[in-house]
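Here is the structure we will look at.
Each chain gets a letter, A, B, C, D, E, F, G and H, in the order it is written, and its residues are counted from 1.
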Amino acid sequence: MNSLELRDLLTRVKTGHLDPDAAHDLLQSRLRTLPFEDLGFARVDHHRALRQGFPEVVLGLGKTPAQIAAIAERIASRGQTLLVTRANRDAWAAVSVAVPGASYHEAASAITLKQGEIPDGTGTVLVVAAGTSDLGVAEEAAVTADVMGNAVDRLIDVGVAGLHRLLREQERLTRARVIVVVAGMEGALPSVVAGLVNVPVIGVPTSVGYGASFGGIAALLGMLNSCANGVSVVNIDNGFGAGCIASLINHLPST
Amino acid sequence: MNSLELRDLLTRVKTGHLDPDAAHDLLQSRLRTLPFEDLGFARVDHHRALRQGFPEVVLGLGKTPAQIAAIAERIASRGQTLLVTRANRDAWAAVSVAVPGASYHEAASAITLKQGEIPDGTGTVLVVAAGTSDLGVAEEAAVTADVMGNAVDRLIDVGVAGLHRLLREQERLTRARVIVVVAGMEGALPSVVAGLVNVPVIGVPTSVGYGASFGGIAALLGMLNSCANGVSVVNIDNGFGAGCIASLINHLPST
Amino acid sequence: MNSLELRDLLTRVKTGHLDPDAAHDLLQSRLRTLPFEDLGFARVDHHRALRQGFPEVVLGLGKTPAQIAAIAERIASRGQTLLVTRANRDAWAAVSVAVPGASYHEAASAITLKQGEIPDGTGTVLVVAAGTSDLGVAEEAAVTADVMGNAVDRLIDVGVAGLHRLLREQERLTRARVIVVVAGMEGALPSVVAGLVNVPVIGVPTSVGYGASFGGIAALLGMLNSCANGVSVVNIDNGFGAGCIASLINHLPST
Amino acid sequence: MNSLELRDLLTRVKTGHLDPDAAHDLLQSRLRTLPFEDLGFARVDHHRALRQGFPEVVLGLGKTPAQIAAIAERIASRGQTLLVTRANRDAWAAVSVAVPGASYHEAASAITLKQGEIPDGTGTVLVVAAGTSDLGVAEEAAVTADVMGNAVDRLIDVGVAGLHRLLREQERLTRARVIVVVAGMEGALPSVVAGLVNVPVIGVPTSVGYGASFGGIAALLGMLNSCANGVSVVNIDNGFGAGCIASLINHLPST
Amino acid sequence: MNSLELRDLLTRVKTGHLDPDAAHDLLQSRLRTLPFEDLGFARVDHHRALRQGFPEVVLGLGKTPAQIAAIAERIASRGQTLLVTRANRDAWAAVSVAVPGASYHEAASAITLKQGEIPDGTGTVLVVAAGTSDLGVAEEAAVTADVMGNAVDRLIDVGVAGLHRLLREQERLTRARVIVVVAGMEGALPSVVAGLVNVPVIGVPTSVGYGASFGGIAALLGMLNSCANGVSVVNIDNGFGAGCIASLINHLPST
Amino acid sequence: MNSLELRDLLTRVKTGHLDPDAAHDLLQSRLRTLPFEDLGFARVDHHRALRQGFPEVVLGLGKTPAQIAAIAERIASRGQTLLVTRANRDAWAAVSVAVPGASYHEAASAITLKQGEIPDGTGTVLVVAAGTSDLGVAEEAAVTADVMGNAVDRLIDVGVAGLHRLLREQERLTRARVIVVVAGMEGALPSVVAGLVNVPVIGVPTSVGYGASFGGIAALLGMLNSCANGVSVVNIDNGFGAGCIASLINHLPST
Amino acid sequence: MNSLELRDLLTRVKTGHLDPDAAHDLLQSRLRTLPFEDLGFARVDHHRALRQGFPEVVLGLGKTPAQIAAIAERIASRGQTLLVTRANRDAWAAVSVAVPGASYHEAASAITLKQGEIPDGTGTVLVVAAGTSDLGVAEEAAVTADVMGNAVDRLIDVGVAGLHRLLREQERLTRARVIVVVAGMEGALPSVVAGLVNVPVIGVPTSVGYGASFGGIAALLGMLNSCANGVSVVNIDNGFGAGCIASLINHLPST
Amino acid sequence: MNSLELRDLLTRVKTGHLDPDAAHDLLQSRLRTLPFEDLGFARVDHHRALRQGFPEVVLGLGKTPAQIAAIAERIASRGQTLLVTRANRDAWAAVSVAVPGASYHEAASAITLKQGEIPDGTGTVLVVAAGTSDLGVAEEAAVTADVMGNAVDRLIDVGVAGLHRLLREQERLTRARVIVVVAGMEGALPSVVAGLVNVPVIGVPTSVGYGASFGGIAALLGMLNSCANGVSVVNIDNGFGAGCIASLINHLPST
């Protein structure tokens, strides 16, 4: 039960469409369970949707397919939206059985199942990727923002060595309310993008590159030292984190 | 001339309060100059207020007092709001002569002069600092957010080793629209704060600490690896950057 | 022959239950051998139980299954308790043949065989893990503490981003005499736990994470820079070391 | 009011030596104040002695002499024991005025004032230093352990390159209940000491050395990778932390 | 005697303007001395101009003013062009006495004395600097290229966060035969410049910045990982090296 | 259409060999298409040959064989020269089908197809490799320089530990117009080579080595700190980049 | 032909046992060939035995089995002693065919063929290894020293955490003329050994360990910062290098 | 009393020049004292000359002038040779009073006093320095070798970028029995030297350089990865260590 559903229930009580006793029982049944469910190897946080606007997200990395499927099943069975990140094909095989209606986004290595009402964000989240090799991380950001209720636009292969490809898309940049910029190698794209717009830019360094890119450190340092205002940074390859922050910003209330 | 002043002028034209010819001359005189002014050692960007919502900010680090004062004078003489960061006492001595009405914020090492109309942000920017030693960086963030037109709240010395000091302030955390969390040493505070709220958290690692804190690297890594959703990070000691992003988010239009 | 067995023997002599000559012969046969046994590729230290309270422990890493099995056999054949860490399935296959009664703890990658009398520790060793992915290291600590004669309690998936999961367990934290805290990513959990208790906390950073976690360096630095008193740290993924230190503390004599 | 004083008060109530009403008023006056006191730039935690067995300790690093003196005065005026670490001569000048009876330990860069009853630890804390240059850090550990109520023994200049100096002191090593080992350069001493005893060893790497010692990193890594059981590690130069953990261990209750 | 002077002499012999015997004596007197001169603490390489097209350059760093002056005097007294880099005011004080006609370039921390004929380079060396704080390193590159016989153009404060400042100068970029790009912080400028031109770009990372710029490492890594073709890199702050390579390229013979 | 073909067309118009209308139509058909072609996952830059003298080069790393083949096919179908670097056997299998006439250079892991007129460089590009293990990177540099229109010479296994092997080849060193020096381990060869010649030297550190070579960092640092003038550096293992810069230098116009 | 064989030949000439003409022809045939032989991918240095006392050694790492076999065959066919290091089973398969009499040392991953007369070293080279996991590197050192003509003694599993195992072998330590000490983890053994003897100690850090051992960096730093006199260090896992230096020292002439 | 003096005494007993009783008393008086003397802050090792061939050496770094003077006085007063390294002018001021006959070597920052008989080494120790800035470290090595009883030769400013300066000195290289090579920046000189000789080479990286030299790390890595046989390495700037090892090698007995 997320915040929107809760408000809806209370409004129906206030307007007389829902009997207080019925509402009480309904709330009871939903809240009766512990705020988290202990699976032994994990504590699934079922009230997070209420507290933080979106159900608990499952990070697939470092968990066995069986563990992922068990957690995913607990979340989905409550009618909550499911998002599993860093899910490889083995994890998907296990989850597809445990959670029948779920979908697999191969490029993003993510599993999703939309359930319940997710409130719409105010504007558009734009995901920009410097090169073809950054696609996987960019897709993780885009799928995350999408499943969290945001309109998503994508702009791929617009690296700084060929500025005309980016400058030609100035209009799409200007239209966005928040921009996720994904780049490996020297990680210079967020600085250039932030110099062209007036909205928050979230940089995602990727581990794309070789030699002195050091698995994304060069890109990470480049973004942390950005000479442009408005750039904040998340962990290397953390498309999910960037999509999530973009969604948080895009869902801030109007007043 | 910032965006608000420009809109005002155009509205006055539309409503007949300003003659188109007069408006033309007025705009001419303001835009006649180059979009930037070349001082030889610097190119002052006078149209940035129009493009990015706030005039160019002067980073004092690595510039001589004379250079800082010259740039500050060019900005202030256009009637634009002035912000100089990383300004030591020598820089302030030079600027206080060149820009008569300016103020010095010692804890923040910042110089400000508010001029023109700065649009108000929607909500409150909360600046949280883990310890007393993080005060300087926290103040840089707070002064930046303030001069950019935001209501600012401060919460100091609420490190994770004494959680009761933070938990007692849950209400102020909840009231904020965007939170800047400043912490050195292990840099764990942003994770804890982000787990308690539903708004964007911007982590600022500080160089506070010794030994294996490596001048802020430990705190930086801690924040980049945050297990909480909603945390993005800026450079070590970059209070200005965090305040600036907080302001960008707080100034996003309602629709 | 460990310290407890030696004291028991001497007491039996003193109380007349054991003839001095018999005691002499018994001691002779046990001490006759060299303090270590040279296998060519290893020197098995058979008197360590006497000197340090627990027999030599075998680190499986970097040894062949045959080498591990040979060393394990020498230890077990003396009637000493056996602990092999970092034992993969191949090592287990070899040891299970060489040491018939031994057990394999898959999650902990450890092989054990309890033999002889191990003195009981004073209180409880609590092993806390931040997330599901930290389970393996946490189990290594728990199995180590258990085989060394300690009561062990476990608390899993109580990371700092959802503090309510940890705060709810305050009572179990308070009951412990020494606490091992296992965490990857930003490694902030030991700081938070140490702020809630009054006993030694041993932090174990894990290599869980990706990108700027650098194989556990971020967590290690986070723990070394802990702002809480009472936190000491062992090597990344070194669950054994933490369990061993916890046991040492828990076995300190009353006076 | 520390735990010992509280128990004393309750016992006196139980035995009729203290009137419940008087006890109530006394407790009131002590607890009336907030659990912490907000000085604006710091939140002094006055109940920490109750929660953690020792009053809040002031880390001098990164605070101005005036800030240190103000915090020290608040702690001392409650009758609590005062410990300021990393206090240079300027800090001492300010504190000596604000807290009349305090003492300055120059080698340790620490300020102390013993007040109230500090419970005695069970055994002896031994502080071992590899070389003359490690003295400052060793003294910080020793002063900390002393002020926290422990018998302290010191062993200086017994580095691993001249083993006879250490082996000659085997008896003092064996007598200790917990050992703090301070070493710079290659940081090998904790491994050697831990191989000779059967009690917890806390390693403190120091920034002593040059070139590839990297300000203590070499010693830190040496200790983290110790091949001996029973060694845990604190931050580089963190004598206070080591003394504090040693005290925690030495104060664990008998049962 | 550089290559140009040697060719001139030989041509004069061939055309009968110089008698072979006179030429012989002249060459004798110049080549009679050892190819280097041993000052005890230095071996001054007097034939370098012949071998490498420019006399030995003195790196002031790590040498005493007296050592610098002695070496400079030996070079200047042979009629060779003098270039001392990393020369502080003390070094200049010593050299100005030892080498009367020399000049000091304060911004570049360089001392020069042009002597003999330096061959002209083919085109223009353009030195581009990202910000005001990069001026010192840029000047070192410019002074080096100038004293080595190149036409030099400068473009200052054209960082990537305000692309319009750079794009407006496209013509000057296109006119250059080789471009030195000096940048600190994220070091992204060389990538952007190289994408706009068709000539070699030499990147010079500077130590300008703070926090995670790590004294220029961020900029260095950014440039090494440049996604643009045609960028090679020199050491952090090595303006001299870049100016020297630019000159080498600009002096390559036409055929 | 590269620069040479464009000049040829314009000359033919000027000399009357081509009718302006025909020229117009021809140019139309070539320029009608967008300057880049959007494949969804990549934006192929078809005008790069015009802007930068050589068509877009495909970096195989991080792209699927299918993606590589699709991009290669678009480039080849325009009659442009094709170069794919870091192409493994799977990539070659895909490209060999999509681009019938292409060749695979196994040692260099590169795919090429020469098409159109590539202008000849002025002199010879010499590729020097320190050891047998550096061959792959050296071949990438050599193949790149060759396909870009340069005469290429190779010198293999002339490391600094056996100087006579290098000194014996002084003549070939002197003949080169630009030298690419490939070396792993300590990376000292570029310094030695640059001391023997008077032309630009481009150092390519390789990841060859073990232990403290840290995947090429030792060689990279060695080259960046070269005490010889004239050495610039590219990323570890970046043979392509070095070959490309060498070609840029070798193609600079005579005036 | 090594130095010993050359001296022998000359002596035989002097003493009349060899006719000068015959000697001339013999020398001719041996020296006729180039000092190195160019295989295209390698330059085999056939005169190294004469210059440096031992023929060229083949580092197997980074070479294909075919390349290794070809080089090995060239060396062996000249009657020179062969040593191939870092030779895996595939390399051995190829070399065993190309060089019939060669032997494979599996633990050392080395191939050897003793040929010609190798002069004997003066004393014994002692190879000490801290643990069982360091055996491979220790064997590389021992095999190298052996094939180069030295008496070799081995001491395995004598790590610093159990000093009695080392102290018991004091006599073997004292007997050695040069000692190679191989250790991973904290790398403390060379310091302890050097404190017990009066001969050169060569430390070889190994990549044995996990977590903060960083592939041998911890051990390397430990050895570089040794507080004992007489310890020099080679690259991580470089058993060959250590054996080679030990042999050089052991072969220094008596006067 | 060093080894030579002891042998002399025993010989005199054997030959009847010294009465056994007198010898006994003499030995008594020398050995009566503890093997070390405890100054509280230091344990001076008076028997080291006997055990290791040279008295204890005082590392001035990290000790106060008073501590240095006190230790120096204890050593000198026993008639032992004194060597203090890293002694600044303040230390010298204190020692010159405490030890009247001592000398200060300014370039080496060392204090010496030769006393007793130091046995002569077999051959010459050659100290080679790459540049003028490496002089200080080279002098520390040379003074150390000299005071330990070795003939010392010096070769300064022979860096690899101008090979002719080194090659011209081949004869002095060949004459040496052991060579210390001191170099900063890329640290390539030891590789080149070791390729030219047949004796042990000890590399000393120096902190000379800037930017990516990282205080000597580049040079250190360069030397550790040397492709030449026979190079071992000591800590950055550790001239003393190198001189000491060279002396150990040079003093190895003939048989």
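We adopt the following convention: a contact is a pair of C-beta atoms (placed from the backbone, for glycine too) under 8 Å apart; a residue touches a chain by one contact, two chains touch by 3 or more.
Worth saying up front: this structure is predicted, and the values here are computed from it rather than measured.
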Partner chains shared by subunit E and subunit F (touch criterion as defined above)
A, H
Looking at E-F, A-F or A-B, which one is a repeat of the A-C interface (more than half the contact pairs shared)?
A-F
Need the most distant chain from subunit H, centre defined as the mean of C-alpha atoms.
A
How many angstrom lie between the CA centroids of subunit C and subunit H, rounded to a whole number?
45
Separation of mean Cα positions, subunit F and subunit C [Å, integer]
57
Chain centre separation (subunit G, subunit H; CA means) in Å
27
For subunit D, jot down the residues that touch at least 2 other chains.
131, 162, 211-213, 217, 220, 224-225, 229, 235-236
I'd like to see which chains touch which, written out pair by pair.
A-B, A-C, A-E, A-F, B-C, B-D, B-E, C-D, C-G, D-G, D-H, E-F, E-H, F-G, F-H, G-H
Note: in the complex, subunit B contacts subunit C through residues 130-131, 159-163, 185-188, 191-192, 194-196, 209, 211-214, 217-219, 221-229
Subunit H touches which residues of subunit D in the complex?
131-133, 135, 156-158, 162, 164-165, 208, 210-213
Going by the contact rule at the top, pick out the subunit C residues touching subunit G in the complex.
35-36, 40-43, 45, 48, 61-63, 67, 205, 207, 215-217, 220, 235-238
Please output the residues of subunit A touching subunit B within their complex, sorted ascending.
51-54, 57, 122-123, 177-178, 198-200, 202, 220, 224-225, 229-236, 241-242, 244-245, 248-249, 252, 254-255
